[in-house]
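This structure is in structure tokens; I'll ask about it shortly.
Labels A, B and C are assigned to the chains in the order they are written; within every chain, residues are numbered from 1.
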Amino acid sequence: MSSAYVFSILATAAIFTLLALSLNIITGYAGQAMMGIAAFFGTGAYTAAIITTHGGNFFLALLAGMVVSGIFGAVLGVISLRLQADFLAITTIGINFVMAALFNSLKITGGTLGLTTSKPVVFGIRMTNMHFFIFTTILIVIVCLLITKMRHSWFGMALASIENDPGAARSFGINVSKYQILAFTIGTALAGLTGGLYAHRMGFISASDFAFVVSIQIVSMCVIGGLGTLRGPIFGAVLLSALPEVLRFADNYRELVYAVLLVIMVRFMPGGLLGDDSPVWKFLVKIWRKFVPRKKTRADLIAEQAIAEGGQA
Amino acid sequence: MFTQQLMNALAIGSVYALTAMGATLIYGILGILDIANAGAYLIGAYLGWYIYYATGSIVLAFVLSMVAVGVLGILIQKFIYSPILAKPNTLSIIPLVAAVGLFTMSSDLVRLICGPYSLSYNFDFGVTSIRIGSVVLVPAWILIFALTAVLLLILWFILNKTKLGLAWRATANDTEIAKVCGVNTSNAMALSYILGYGFAAAAGIMVGILYNSITPALGEVPSYKMLAIIVLGGLGNPLGTVLAGLIIGFTEVFLSAYTSIPIPKDAIAFVVLIIMLLVKPEGLLGQKNKV
Amino acid sequence: MEELMRVEGLKMYFGGLKAIDGFDLTINKGETLGIIGPNGAGKTTLFNAICGVYKPTDGKVFLEGKEVQGTPAHEMAKMGIARTFQISKPLRGLTIFDNVVAAAGVQEYTGIGSYFHKSHTKEVEDKAEAIIKETGLAEVANKKASDVSLGYLRRLEIARVLVTEPKLIMLDEPCAGLSNFAINEITELIFKLKEQKRSIVLIEHNLPLTMRVCDRITVLSYGKKICEGTPEYVKNDEQVIEAYLGKEDED
């Protein structure tokens, strides 16, 4: 295997990891059924591509893709307030179809011909797959750090409450719709940023890159890895990006294998391979604990003290 | 010309209504968005084709295909959906993901087993067209109108006049309360699947005859369009679904016949849906949800 | 006695259904007020209309003299009106401890700004610990809410209310579905709150308990108040006996 080939796979895996993380914010943390993430991925991709093909700066284009997609997401968030979970799932599917149709027919997006982008030149170097991989990985690390910080903040607590029980969340003073819109905006903005990266790494984009199937792929990544965890979507994205390469010999059966895997997963392990309740994950944690004992939390201490004092059983 | 379009729209709308009816019945009871219903539509069309060519009887093709696909539906419900729904804390997106997986599986299996090319029904009605005054009717339309009407009548009868139908309505209203009252809710679920998948199979054969072509990609467009239709119809409301199927059929036919919009025909359903959700979020005939 | 909340002519209609039809109520500071009534009398609807879960069709709600009717539920919580749920609503994926911490953040949930404030500070954890001990949840503090029994979940509801430092505590059938033993524990807890001179509104089906705990009782029937007074007075009111008690048996 040539290193160019390896880096092309790695760059793809990294980009889809970032995209899976964006969906995870909306569906995993905030519990909103988003089935059309590719629409926002595409919005970011086309926005960035249009800017650079008109001579704009690459990083500026990425930022613009993020902002436009985020605004679009915020608008959808406002609409989604009125809808129940199932309506929202269908509406997002619908938005995906409508957007893909628009990408395919509007003049500014190149219609059926799509858009061709040139590899950006940064500090005098033309970016290759390796550069895209490194740049995207840095972004993944930053996003992971930001998400970890969120999980320890009141913002994270609000999302966790909403995901578990919106009614209870309201009774804690949480403005459920406001937080849902925020989660939508952040998630779709990140998807837009990822789209900009994708457009320039691929060198060419067309409507089929942002079809509903792509949304399903991203959902599958999160579900197979474990929605609502940080490790899950990353693992799922890397796994599903590598799978086509591994299954290359059986190209004709690829989709089928995908589909069967997906059905088996949700049937027997809906929390994902690395979800909190997964036997695989529990086993890994058990081994890890042999080397690094668990730090006791405040809750553990309270419970232990109470049991030691012989509290009411 | 206008009447022609009208009949065409009515035929397409009928097929939509029939296809979406399965998803509606299933949503009414299990509360899941079963995209795999479009897989039943696809498998039904292919099974019907094989039966038609083996026996030469279109009636047998309809009946056997509907029964076989209906039974397949019950198996899927028993072994896939019910266990998923029985697990506590399942995210609402999980059954939908299962459905997408099942649908992809069905499309791919059909492609691998029956080949990627299209097959033709070549069903001969005996006449190529029927002329009533200035209106020219395609015989396939008449078949579709008649069969849709018969199937919907059967559905109405089962739901409203039989004990099983009563159980279905009670379960759709409130599964927990129905259970407490001694209603056999698993029978109601089985009824949803056998009728739902059976109807989808019939719709598949009709479309096969109408366009004289079936391909493994047959289910793709209905898979998502069906979702738009059942939401328009107020999720789980059979009457609303018929109405919504017709509305989408008419909108598609007339918009593409008389206007030039930049949106392809198959995305129109979602445009209508999104507009309607903005105006009336509870669906066409849906009731305001009790909190 | 100083007035805490006053409800005037509250109406809550759903289409043609008049769930609450002109209801008046005054809650004084430091008192425990019971609301009783037959099934379907509109008790929980009344709570929801006061707490902002529903927007009342008509009528006024004053909190310390300020008009608050129609304020959304999360704003009500921030203003100090805390309620429990008849069908308990635990955050199932979180531990009991984190459930209490989540409620402790009532004034922290400001939107984007809340990203910059850590949730598990020492101060918050101390507060949560104290409440957890007070409500008898300590031994299950590190268990997930999905893994504990209903009795604990009922106490969790009360713990989450207390940790918000509310002006008014609204308890919606805190004993529903509990064993006699667990009911006694909850009753003790309510007595403890009473001793602390907290303002409490209690909806309860268990009549002996309500009679024992409450200073005043309001009887609701078909969305209307039919009687109000001391437990002794209400018990002997003919209209109440007719509408609610039917025959005089108290379990």
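As a working rule, contacts are C-beta pairs under 8 Å (C-beta built on N, C-alpha and C of every residue); 3 or more make two chains touch, one makes a residue touch a chain.
In this text the structure is predicted, and so the values were computed from the model without any measurement.
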Centroid comparison with chain C (C-alpha atoms), farthest chain: B
Chain centroid nearest the full-protein CA centroid: A
Length of the line joining the C-alpha centres of chain A and chain B, rounded to whole Å: 32
Length of the line joining the C-alpha centres of chain A and chain C, rounded to whole Å: 40
Averaged-CA centre spacing for the pair chain C and chain B, given as whole angstrom: 47
Where chain C touches two or more other chains at once, by residue number: 53, 92-93
List of chain A residues in touch with chain B within their complex: 27, 31, 33, 35, 79, 82-87, 89-91, 93-95, 97-98, 100-102, 104-106, 212, 216, 219-220, 223, 227, 252-253, 255-256, 258-260, 262-263, 266-267, 270
In the complex, chain A residues that touch chain C: 149-150, 152-158, 160-161, 163-165, 167-176, 178-179, 182, 276, 297-300, 302-303, 305-307, 311-313
Residues on chain B engaged by chain A in the complex (per definition of touch): 27, 31, 33, 80, 83-84, 87, 90-98, 100-102, 104-105, 108-109, 112, 224, 227-228, 231, 235, 262-264, 266-267, 269-271, 273-274, 277-278, 281, 289
Of chain C, residues touching chain A in the complex: 51, 53, 72-75, 77-78, 82-83, 85, 89-98, 101-103, 105-109, 111-112, 114-120, 125, 129, 132-133, 136, 138-143, 160, 164, 185
